[in-house]
Each structure stands twice: as structure tokens, then as C-alpha cells.
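Pasting the structures in now, so scroll down.
Common to both upcoming complexes is subunit A, partnered first by subunit B, then by subunit C.
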Partner chain A sequence: MITVNGLYHSYSNDKKYAVKDVSFEIERGEVFGFLGPSGAGKSTTQGVLTGLLQLQKGEVSVAGYNVKKPSRTMFNKIGVSFEQSNVYGKLTALENLEFYKKLFDVPTRDANELLEMVGLENVATQRASEFSKGMKHRLTFIRSMINNPEMWFLDEPTTGLDPAIASVIKDIVKQEKAKGTTVFLTTHNMFVADELCDRVGFIIDGEIKLIDSPRNLKLQYGEKLVEVDYRKNGGTVKEKLSFIDEDDRKHLKDIVSEGTIEMMHTKEATLEEIFIKVTGRGLE
Partner chain B sequence: MDLKANWRVILSVSLIFMIYVLASIMMYDPDTVEKFEQMLALFPDGMIKALGFDTLGADLNGYLSHYLYGFIAIIFPLIYVILIANKLIAKHVDSGSMAYLLTTPTTRVTVAVTQAVFHVFGLVLIFVIDLGVLIVLSSVKFPGSLKLTGFLSLNLVTIMTLTVAGGIAFLFSCVCNDSKNSLAYGAGIPTAFFVFKMISEISGKLEGFKYVTVFSLIDIDKILADPFWGVGIALILFSSSIVLYGAGVVVFNRKSLAI
Partner chain C sequence: MKLLYSFLKDIQLSTKSFYFYIEIGFALIFVAILVFVVPENFEKKVTVYAYIDLPEAVAGPAEKALLGEGYDLQRFASREEVEAELASDRSSVGLVVSLDGSKIVYDYILQGYEDEKFKRIIQTTIEGNFAKAMPEFSETTVVRTIESDAEKLSDRLNILPVFLGLNSAFMGLFIIAAYIFLDKEEGTIKAFAVTPAKVWHYLASKMGVMLITGLASALVATVFIAGGKAHYFHLIVLIVSLNAFGSALGLFIASFFDSMTKAMGWLYVSIIVLAFAAISYYMPSFSPLIIRILPSYPMLFAFRETLYEVVDLEYVYANVLGFGAAAVVFFLLSNYRFKKTLTV
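Let's look at the complex of A and B:
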């Protein structure tokens, strides 16, 4: 669905590249997470993929179209929701969606149904200028779905939203993935990436350092330990036991058979910990 | 969408301009033009010349042309062209709404051409409204006094001059990714042209300034005397504005948008 080969981009047209030698592929129906701190090159890459930034060097195709000369029809197949939400304040929520529907040459989704998906149905006829930041973000998010995109670009889709709404947004992304939509997710939120992505790419200083599935990364970089809290002699004992060490495994077996366990966690690494290990930098 | 967002500006400029149109016709009395000129003579000479009131003319054409087209018919529409030029492109880029619009099948050329057409349309609308009121009112109050050929030629040159100023503002709106720079250059250059025009009219010593401003092409006496000369000038200005707006569209089509 997306092929990027040797992508370079400079804002000053010199050798100071915001992204350099970036290459990756995204399969149809895949959710690909682009993880990196602010200024790492995530939005620049997304800008080139969506045709907002000129392709200076490299080869990029999106939904089968060469972005060097993007065709109008390419934009019928993509949906974009940037981190910075933007709505027409003088129009109502419904009018905002109806206005965007007219811009596409393909069958579009029902605006009321979309508003309902993110809990905006009760303010459908309210001017968007009266909306809170989170409401504007939700409206921008559903607007990016209006054309039933095959390729969906989401930039920090849950940033600034309360946990309940963020959960709704994540569920919608999962539903769209289930329908076969390909998602390019740009975020610095490792929990969102972990929950939604089939694969993640770590980008820092404009370069991709690693691409793999969250599961593989956790297996590769996580500690082979289990942390267990259990009752013993009237108190609670907390221990870290290795999966690999024979004695620890035997001890864990004993604790399990005694039935005194209060809590038990595997100690796999979080994506953030892996990111720091790989790049030497944090995600914030 | 743009009409909905900007109609207030068009209406405001039209109304302010109209107040002067109405006042100028109501104040006109063929028998007292001389007295009016004597009254103006009490004011500092430089100020009167800078405002274009130095020669009010003996007839209705001369009076209206000098009273309105030396200053008023330029400054208010000029405010429209520089403000709206920024709002049509740079402000949308600055706010991020342009990025969203350009990720739909709407092409950049379509967006830029639509905005350019709206920009010129708004300017022409202001003149159509006010000129319409002026012609109707003067034909009611002073039937047969207004010689339309010269007056329409003057309006054509004024509109085309403002279109060139608008083209400059539009070009910078397309070049700049933020409103601050768009306004600095897009408003700064046309405003400087207007200031140069005023300076050039203050005294003979400063007359040289007229060679560095497009507004000196609104030569009221020459246009009224030879309306076809005015049409020729208007055609040159029209071609210049096409180049400026066209350059804006080309730049916008090729630029990388800030995201």
C-alpha cells in the first residue's frame, strides 16, 4: 500500500535533512506505527506521503500512486487527520462534514453516523467555533473517514483526549483495520502504538533505527523475568524470578502449587524502554 | 465558503466608500464649487494635494473624480485587497486548514485560482455597488451632468490599479507560509506605493516619487480628457495583474506546505 525508498527531505534545500534515507513498506490492511520524539521526522515523512511536501529525493508510492506527481484520484483513497485539528468555525459540525463530502469524487459516508461514532450527534447543528479542543479533534478525526479511505493517515489521534474518548478513537481504528483499511499512525505515545500497531518503526533525527512488530520487540528486548507477590508466614513476599534459571522455575512452580499468589506480572519491556535502548533517547 | 467568511469586509468597505459617494453628491452645487475650493485653500497646501483635493474641477465629472479618486476610492478598496489576500491563502496555510483541503481531490491550482477569482470579484463588487449608487444618484440629482465615458474609464483604471496591488498582496500570500510575512510584504508594498503617490503630490520637489508607484497611473485629468488613453493603461495594468496572480498560482502549486 505504501512503498518508501531512500526518502530524503530538507526544508532548507541543503544537506540538513529532516528525514534521510528513510525506507519502509506497509502492506494493505496493516497498522504501521511511526514512533519518535518531537522533531524526529514523523510529520515530515507523513507530509511527503500525503503530497503536502514536495518529494525531493527518493521514491514514494501511496495506494499505487507515485507521489512525485500525485493524481486527484489518489486523494479519493486517502484520509488524513493531523495532530493539529482544524474545522470551519462558522459552519456546524454537520455542515463541516457535508462540505468535505462535496470535495470527493467517490461515495461518502453518512455524516450523522460518523458524528454518532464519536459522540457528537447532540451537537451536530452547533457551530464548530463553540466546540472544545477535544470536540474539534473528534470532528477532524471523523472528517478524515468521510471518503472511506483505503489508506488512513493519523497523526497523534488520541493526544489531548480524555481516556474514554481516546478509547473510542482506538476502537474505531481497530474496526477500520478489521475492514481492511491500511493505517499510517504517527505518534509518540507508546501505549497507543502498542495497542494498535501490527508493526512499528522507530525514527530519530530523521533516520529509521528499527522496524518490527511490538511483540517481537518485547520478546527481543524484554527481560525473561516474572515478578510475583505471594503470602508467606502472615506477610507478603515480592520476588523476581527468571524463566531461564532452573532453580527459579522450580521455585515459581512451588509458589503456584501452594496457591498463595496475590499478584504476578511478566517483565516484558515497554515500547518506550525499547525505544530508549535502541536510540538512546526518550519519546517525549 | 470565502464569501461566507469575508462578506462583512466587502460590505464594510462598500458602505464606508458609499458614505463618501453620497456625501460628495449631496455636497455638490455647481454654483458653489469655487467657494468650496476657496475653503480648501485655507488648509495646508501639501495636505490638500496629498489627498487629491487640489483641483476639484468645474463640472460634476471633475468634482467627483478629484474628490473621490484621489484618495477615498483607493484607500478603502486597498484595505480590502491587502486584508483579504492574506486571508485567502496565507491564513489558511498558517492555520492548517489548507493542509486538510489539499489532502482531498481538490487540486492546488483549483484552490489558488478560485481564491484569486474571489479576490478580484470582491474588489469589482465594491466598485459596482458604489459606482452604481453614484451614477443613479447623480443622474437623479443632476440629470445629464455626468459624462459617463470618462468617468467609467477612470473607474476602470482605478480598479485595475487596485488589482495590481491585490496581485502583489496575493503573490506574497502564496509565497509565505505564515500570515505575519504575508502581511509584511503583501500589505507593505502596496501601502508603500500609496504613500509614494501621496508624497509625489505634495510638491514639485517630491514629484519623482510618482515613478516608483503604480498608483500614479490614476492620472485623473488625463483620463477624463482622453478616456481611451485610460483604457490603454487599464489593459496594461490588467496584463500586469494577470502576471502577478498567475505567479501566485504557480508558486502555490509548487510550494511545500508547513504542516
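Let's look at the complex of A and C:
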């Protein structure tokens, strides 16, 4: 669905590249997470992929269209949800969506149905300028779905949302994935990436450092340990046991068979820990 | 259709903002000032307080002639009375005419601020009219006018083309940039850019809003000031062309900048330079090439034509075509530039 080969972009049209030699592919129906701290080159890459920034160097194909000379019809196939909410403040939520619908040449979704999906149905006729930041963000999010995009670009889709709404947003992304929508998810939230993405790419200083599935990364970089809290002699004992050491495995088996376990956690690494390990930098 | 929807959305947005109403309000204020404050024609009368110590056979006809030439001549019985009146009315001129033997002596009493040109005009017209009143006077001067049937607008109506030019026609020059930078600031321009709609749809819909606002303000002002005297069809065609030119020029200038703050200086300078044409419009004797080449120069005279009883259609439509063509060129250039810079 997306092929990027040797992508470079410079805002000052010189050798100061915001992204350099970025290459990756995204399969149809895949959710690809683009992880990196602020200023890493995530938004620049998405800007080029969505045609908002000119392709200066490299080859980029999105939904079968060459981004070097993009046709406007490409936008019938893609949807873009921006990190910064960008709706018309003087229009109501419904007017915003109804206007947007008319700009597409493909069948579009019912605006009221979309508003209902994110809990904005009661404020459909309210001006967007009166919305909270989270409400505007939800409106921006559903607007990106209005044309049933085959290729969906989501920039920090859960940022600034309360956990309940963030969960709704994640469920919607999962539903769309189940329908076969390809998703390019830009985020610095490793929990969102972990939950939604089939594969993630780590980008830092404009360069991709690593691409793999969260599972493979955890297996590769995580510690093979289990942390167990169990009852013994009237108290609680906490132990870390290795999956590899024969004695630890035998000891774990005994604890399990005694049935005294209170809590048990595998100690796989989080994506953030892996990111730090790979890049030497945090995600914030 | 995308252009239409975009235009309707922009109209909706503009009617929900203050700007649209400010523009119409400004047109109404302009009308109110012209109708209630500015006279139909400016008063050009000079008040002359005179003591004329001449036989009535000469003084009477001279007085009549001066009154006929637009002077407000008021006679007094002595020089002292004239001087007393002059002290209380600082815009007036004093005149004492007496006989010294067989010669007429003219004694002018001025306020002190009058320039040489004014003094000469006063002297020539007053003495000329006294000379005409002499029984032995015979007229030898012949005046021929090239355009004897030249139509003149009233002073009040003559102000209207300047309003139409600088407000209704060139409205877009400044405002369209503000609209674009506002969209940039809100980020809505990016949302529009990731739809199948084209950049020219976006730009043309903004021009459409400028046109509607320009037409509305122009018609409000013209209907109230010119009434049935204006040729509305020609006026509307002219405004469409000139407003499109102003907006396209505004788009072109705006395409070089990424914020209103940066663009404002250039847009302001453009408006001020274009306004210079009004000087030559009011003082036709001062029309150097530098002013005649300004687009606003022919524009003001084209607007004036639409207010005359007989319209010089050739002149009006030469302007329509010229500015229309220029609008297309600037629009194409703006579209080319904005394709690269609109979302940056």
C-alpha cells in the first residue's frame, strides 16, 4: 500500500535533512506504527506521504499513486487525521463533516453516524469553536474516516483524550483494520503502538533505526524472566525466576503446583524500553 | 461542484464573521457622510464686503455682474464698516472702490493668508466686471470650448468612484490574504489539501467571497448616492473584472509570504501606491506618467463613466477586458505558486 525508497527531505533545501534515506513498505491491511520523539521526522515523513510536503528526493508510492506527481484522485483513497485539530471553528460539527463529504468523488459515510461513534452526537449542531480540545480532536479524527479511506494516516490519534475516549478511538482503529484498512500511525505513545500496530518503525534524527513487529522486538530485546509473588510461611515472597535456568524453571513449577501464587508477571520489555535500548534516546 | 461547495462554505464562514458586516457597515457610513455631511456641490463663493463710492449707474451693473459670477457681494456705507465686517468673517475679502478724478481706484483689503494666485483672480474678476459696467466698454475676448457638451458630475457623486475603486474593487487585495493566513493558522488549509479538491478551487472560492462583498458594498453605496443615475449593468461588469483583478493581485502577493505579519507591509504599500491615482482624478492637470500607469488610474475614470448619462462604453469595456485578462494572469501565477507553498 505504501512504498518508500530513499526518502530525503530538507526544509531549507540544503543538506540539512529532516528525514534522510528513509525506506520502508507497508502491506495492505497492515497497521504500521511510526515511533519517535518530537522532531524525529515522523510528521515530515507523513507530510510527504500525504502530499502536504513536496517530494524532493526518493521514491514514494501511496495507494498505487506516485507521490512525485500525485493525482488529486489519490485523496479519494486516503484519510488524514492531524495531530493539531483543524476544523472550521465557525461551523458546527455537522457542517464541518457535511462540507468535507462534498469534496470527495467516492461514497462517503453518514456524518451523524460518525459523530455518534465518538460521542459527539449531542453537540452536532454546536459550533466547533465552543468545543474542548478533546472534542475537536475527535471531530478531526472522524473527519478523516468520512471517505472510507483505504489508506488511513493517523497522527497521534489519542493524544489529549481521556482514557475512555482513547479506548473508543483505539477500538475504531481496530474495527477499520478488520475491514482491511491500511493504517500509518504516527505516535510517541508506545502503549498505543503496542496495542494497535502489526509492525513499528523507530525513527530518530530523521533516520529509521529499526522496523519489526512489537512481538518480535519484545522477544528479541526482552528479558526471559517471570516475577512471582507467592505465600510462604505466613508471609509474601517476591522472586524473579529465569525461563532459561533449569533450577529456576523447576522452582517455578513447584510454586505453581503448591497453588500459593498471588501475582505473576512475565518481564518482557516495553516498546519504550526497546526504543531506548536501540536508539539511546527516550520517546518524549 | 467542489468549487461551488467550497464557495458556499466560505460565504457561510464570512457571514459568521464580523468582517462581512464591517464592510457593509462601512459602505453605509460612507453613504451617510456623503448624503448628510457632504453638499451636492462644494461652495465656491467668495464673500466680498464692499464700499463702492461710484455713481449708481456704474456700481449697480458691476454689482450685478459680480453676483452673477458667483461672488457674494455685500455693500456697506463706509470703509470702517467694511473693515469691521472683515474682522468678524476671516474668510471674506474687502473692497473699496472710489473715484480719483476720472480714474477708478480699487483698494483691496485682504486677511493676509491669501496667495498671489488668489489675489490675481480677485483683482482680475472684480476690475473686469467694473470695466464691463462702463458705458463705453466693448467685449473683444472670444472663448471657445472644445467639448461644449461635456458632462460633469456633482461634487458628491464625483467622490463615489474613489470609494468604488479603493474599497469595492481593491477590497480583495488586502482581505483575501487575511483569509488565507487565517486558514493557515487554523490548519484548515491542510485538511482541504488532503481532499480531491484542487488548489484553484480553494483560491477561486475565496475570490468569490471577495466579489460578493465588493458587489454588496458597491451597490449599497451607489444606490444611495447615485440612485437611478448609474448604469448598473456596466457598473456590475466593471466591478466583477476589477474586483477579480484586486483579489488575484492580493493572492499573488500573499503567495510570497507565510504569515500575515510578513505580507502586511507589502499589501499596505500596494494600497497606498494605488491610492495616489485619486490625486490625478481630482486634479486632472496633475497626471504624471508614474500615476497614469497605476491600475487604479484608468479604473477611477471607468467608474466615473458608469455614472454619466452617456457612457463611454469603449473606455469602460477596455478596462473590463484589460483588468479581466490581468486577473486571469495573476490567478494562474498564484495557483502555480500556491500549489507549492499553500500547506508549507
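By definition in this document, the second predicted complex is superposed on the first by the 284 of 284 C-alpha atoms of A that agree within 3 Å, B and C clash if a C-alpha of one lies under 4 Å from a C-alpha of the other, contacts with A are read in each partner's own complex, and residues count from 1 in each chain.
Methods note: contacts are C-beta pairs under 8 Å (C-beta built on N, C-alpha and C of every residue); 3 or more make two chains touch, one makes a residue touch a chain.
The structure displayed is predicted, hence computed values, not measured ones.
Superposition model on subunit A: subunit B and subunit C are shown in a clashing arrangement. Once chain A of one complex is fitted onto chain A of the other, the partner contacts of A:F82 extend to both subunit B and subunit C. Once the two complexes are laid over each other on the shared chain, residue contacts for A:S43 go to subunit B alone; subunit C is not touched.
Of the two partner chains, neither subunit B nor subunit C is touched by A:R138. In the superposed model, A:R199 lies in contact with neither subunit B nor subunit C.
Once chain A of one complex is fitted onto chain A of the other, the partner contacts of A:F99 extend to both subunit B and subunit C. Across the options 57-65, 75-83, 111-119 or 165-173, subunit C meets subunit B in a clash only at 165-173, per the superposition defined above.
In the superposition on chain A, the residues of subunit A contacting both subunit B and subunit C are 50-54, 72-73, 75-76, 78-80, 82, 84, 86, 88, 90, 99-100, 103-105, 140, 143. The touching residues of subunit C, when paired with subunit A in their complex, are 1-2, 5-6, 9, 12-13, 16-17, 186-188, 190-198, 340, 343-344.
Those residues of subunit B that touch subunit A in the shared complex are 1, 4-5, 95-97, 99-107, 254-257, 259. The touching residues of subunit A, counted against subunit B in their complex, run 11, 43, 46-47, 50-54, 72-73, 75-76, 78-80, 82, 84, 86, 88, 90, 99-100, 103-105, 140, 143, 147, 153.
The touching residues of subunit A, when paired with subunit C in their complex, are 50-54, 72-76, 78-80, 82, 84-91, 95, 99-100, 102-105, 140, 143.
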